[in-house]
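We just call them A, B, C, D and E in the order they show up, numbering each chain from 1.
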């Protein structure tokens, strides 16, 4: 019983949040990693792309809610996601046509593309704020928990509770499905392979009859879908605020890179590395050890390796250590 | 005899805004024949090939395939028209496996290409052993084999090869030339650049010597081989 | 110089950047006060006050300085309502305001360091003093008999200062803080902080942050995991949105917010509602008061100049005199015009002490049935 | 000069170099041939310090140089060229050559700031030398062209040119001939011979052009599947059945059919 | 020659922009932009050294800039006597202990055989960490307890603030050396994220170690190398001179101080620019470009790539440190919360790339131009929005909404201009040849 209590506490405060957060990061990192893998640049606008896609979804969600549509226990926003994706895709494709294509034809260095994407980031930044404003938006409805703390306690009779949110569940499931699908798509399908070929050697892809514009378009479409899904799931779980999405960029990049740029599996692994190191390393073991150790040995202090002030620092230290041993990430990513 | 199957006629052009590299250069190949281009380094051989394939903006001149003017067509459209090309450098997908490289060669084909794949593996047995290895990890000669294999997968009507034998061992080179002859016999036109010029000219129906972007000598393979000037200046005596 | 028919007031807030979600309402509130002054038609023989906005970015001191410099030297503002975050406020103060003799009234910079900054008598703030609030919060806990709490604060000078002050008061009165941990605003995830706080335990969690940012994130995470179900909220956490979103889960939580006893805050709500402005967000009340004070000081000085603001601000803010609430600026102007004295109370019960800091009273509220319910004033 | 002892280099489970042992005599021009994928380039890379060996040792003049980094080996007089040209693509041909010599005094920051006079002198000498090399390689008209814009063969020439910028003890050439015009290749062959005789360079070259190998190299070492298959004079090698089967082949089967 | 011409023209345009600001807005604004432009140019020079010369993707600029800022506090603030006597001894003991543990760990790592060493070193580090905390934590508590609202830290050395510039450079260089030793083996984006992370770590330390520089409580009122405007305004001599020039005392004093900074910054920039330019146009610069183009080949040509990378990483970071110290001096305060990657890392990168990487003058131009825009996009954006909404009916919902969000035109305009500039010169305004 004591052991179970300890474990439930650990699960509730470390394992479940970290897995959910890891999946959220992974979904974002998938978009980043895909752009890097196919179009060969680090897209700084990704955070704001996520924000834009989410915003479109939110607007449609409000409309649906206004119409009285609901998904029962699931959030209505799930219904609106396709519209969000469509809106996001429209914006991205327009951007590609007006902005990126020019540089692609010029064959500029990746770093120029990075700076260009920062320009795009500023613009998306403005557009989103023009339309929906800067405030925090909460658009989650439906059942918030798959199982809540109190229910869990009554159900199991344990002292410690455990909560799993609906959105956490959806996020984890989605992340797994999306990664598998993307992996399958890139490695098994004709289009996927042609995308990899394009990223590897553009000229030769041309000589094989691959239409680069099509490859680019498909890539952006997938990115739009990924960004919107990632953004919406994150927003459902926490809340939607444009500035936070912009700030998400950093851990997302960290996840994509530590996993190995260009690798979908890496994005997942990277997301978990970052999430677990943020949530896990600074965890204060007092409560758990209190259950696991005999009364006499139960700790007085917090048994915390490092205070949470340093949680970002710690996660970056872990990232560094990983990179020192695997210089191109866990899954042998690309490097330009 | 009418017009050649593929002809780049009086092509003039260069890279970007730079000076012209090609000066009214003409290259042609008949259906089912082998044409070989030789010349010193930097003569513009590769440039001429790229020009024929539409990877270069021509300032003047035309490219015609089977009587149709394709000067304005983009490279991937030319692929669709049945042209295949192996560039001199960067001719493989380094991060993809050997097999995926070959599949990419068959990208525009909608039919079942397993037969062709088997033929390619037959021709280059080493590739079959390494088919799940990333092409970038191969040795220089193996890469070259992948590159040629990829082009063969297209089953083109014209096959353009830029120095296909650079870096391959003698035994493979012989195999390759043999295969090229076979391919040509099946009605496919072959246009290739070679520095192993003597071997290449021996199997060539027609030979071009390019110097500084212009045609210097043209003739049958035999003619060129027997021409002492050509031998001395371009074929290493 | 009151012959010119227009006087410009700079409104320098972080319209982009980390607190961009708060600033629009703050600016609206400040401008509402100016509008009220203008509409009263009683201000200095028809001088109009025109707000000019500039972006402090909250985090980029150099850009904020440049913006302020432009307001002062190009637009010719005579006083500044702002800035918001302490870092940029300090930079604007020492690099623009002091050299040019322009008074600044900040609605939200609470850094104790600013008290000692070389300000030449030009710096005022309507933001409450951390020291006082710490006392109030700890007093509430003492009354409730709570002796063990966990604390989290937003990792900036406001949060840090407030938590320092709260903890020293609380511990002095015999309480224990199980863990005091900062959180960064606008971050993706707060599970780590909540994990540590939950382990440390405590009767409730004291949240000294912002209601639409990290503070809310912390509460949300704490509720979701069942780590805490009661919270004590600092003034930055007061806002309708918080209750609206977290609703029933917040039942029984409580906090303190600077508030004027009596009609002040209600008057502010009436005024903002009438103008269609969201006045329930953080620091809107302070912003309104800051702008109102600038106008009233000018009136008291008889001219729309920097000197007038600098010399008269304390006099209009503090007694003796007729008490002035939001919406009564016209009345105040009239009194001043007639040579009378006023004591501006405003939305936050402004009382400027020492070097121009607020020491108002606080409203101790609990959240009952999804609404803020006043318990008493302290 | 160079002695390789039971050298292994594995990639995962694959044994690219599998127990190769060989010696390169001082003053020789040693040819290294073998089928594609025999491990020749890998062997070069291990000797030149680009790759770490899995096991085994490399000695140079009796000194164990296994695993030494390339730049150290360079200063010991060991030079190499790359099979796939590794030019400095955004630098001009001239700069490509001028950067080669080690110990340039201008390569320290201090001198770059305060020793401009000395640098100017050295640079003038380097410039002259570089121009001579470019002339010899028949690409002097491209002195100021970016190396990235050269033709395939020209890049190989530049690659070779770099070895001519310094006094080396031993030079490893990885298929310098591939893609180079045969007439020019003959001239290069002459130069290699001259360097060998006049300046005492030792050469070890990988090449698939048997005429070229035959003209220059003695001895010739044949590698296959990661180890040494045969070694001897060119005549011996050409007569070796195993070599013919694995490497040389017997000529074109279809040739008659064409002509 | 046309490169020269292009450069002259572009710098001319830049000068016109700044002087124009003087005429249209105010000379104070113009000088302020110029001063921050100078600081930005120095930062851009540092990044260009690393990226343009050597191809090192350092995205940790913010960290080095912050270290420069930290140096300003450590050098120029007066020491806090009470804090020193309270816990300084113990604190330094703790730091010495930390260094000793690290040294021992490194030594062990080098001495021990492969199999075991990981565990031994890890054990040593963990034990060392706890020992360190045992000594360190009480010392910190003691120091931070000394008047936390006003001090609560050790203070600085009370030396002239200008000394902080070279010291900031040295501090940044020292940290860069440590980082370089470990992380420079990484390539491209992997190095980028590593440096980004390290910068975040540096900021986390400055934010949370209050004993060092008060953490998020900020240090205000840093000493200045120049007189205070107020003092000038109260100096009859100065007022008289100003009047002689036809200026009122306030304007004269503010301009005087800004010009003073301008002169000092210009000296630093010119010195660094000359050094950078000499270095670029020398065999050293050629070697660096070669390394940037192709490391494998540069190694085979006898260049010690690792050492060169370390050298240039340290140098570039030192320059960022100097710039950081200059900037903090100009601000007159250290506010750790303001260090954000967007502003202190990526904006600097934008400067380098837009200016033209690999070209020192390009980097400097980029520094000026991007800073100018960063400040001026706000009025430009407002102006644009004013014109966009001009035709709309007064009081219409859209117009109101747009005018409400006018502040967001700032970044949007920045984005648009950035894209326009890059559109017309995709390789930067002054490309590397």
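Here, a residue touches a chain if its C-beta (ideal position, glycine included) is under 8 Å from a C-beta of that chain, and two chains touch if they have at least 3 such contacts.
Note that the structure is a prediction, hence the values are computed from the model and not measured.
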Taking contact as defined at the start, I'd like the list of chains shared as neighbours by subunit A and subunit C. E
Indicate the lowest number of steps between subunit A and subunit B, counting one step per move to a touching chain. 1
Would you mind telling me which chain pair, D-E or B-D, is linked by more contacting C-beta pairs? B-D
Chain located farthest away, centre of subunit E as origin (C-alpha): B
Geometric centre distance via CA averages, subunit D-subunit B, whole Å: 28
Roughly how many whole angstrom separate the Cα centroids of subunit C and subunit D? 74
On a C-alpha centroid basis, what's the spacing between subunit A and subunit E, in Å? 30
Please report how many Å separate the Cα centroid of subunit B from that of subunit E, as a whole number. 54
Check each residue of subunit A and list the ones that touch at least two other chains. 129, 133, 307, 309, 312
What parts of subunit E, by residue number, touch at least two of the other chains? 207-208, 408, 411
So subunit C residues touching two or more other chains come to 24, 155, 182
Select the category (line, ring, star, complete, other) that matches the graph of chains linked by touching. other
Show me, using the given definition of touch, all chain pairs that touch one another. A-B, A-C, A-E, B-D, C-E, D-E
In their complex, what parts of subunit B are in touch with subunit D? 15, 18, 39-42, 45-47, 88-89, 126, 137-142, 144-145, 162-163, 166-175, 177-178, 181-182, 185, 195-199, 202-203, 222, 232-237
Help me check something: in the complex, which residues belonging to subunit B touch subunit A? 53, 55, 74-76, 79-80, 84-85, 87, 90-96, 100, 103-105, 107-108, 150, 154
Name, in rising order, each residue of subunit E that touches subunit A in their complex. 51, 57, 182-183, 185-190, 192-194, 196-198, 200-201, 204-205, 207-208, 341, 346, 349-350, 353-354, 357, 401-402, 405, 408-409, 411-412, 414-416, 418-419, 422-423, 426-427
Parts of subunit C lying in touch with subunit E, wherever the complex brings them together: 15-16, 24, 53-55, 57, 59-63, 65-67, 69-70, 72-74, 85-88, 90-91, 94-95, 98-101, 111-118, 120, 131, 155-157, 159-161, 164, 182
Spell out the part of subunit E that touches subunit D in their complex, as residue ranges. 275, 278-279, 282-287, 289-290, 292-294, 296-305, 311, 315, 432
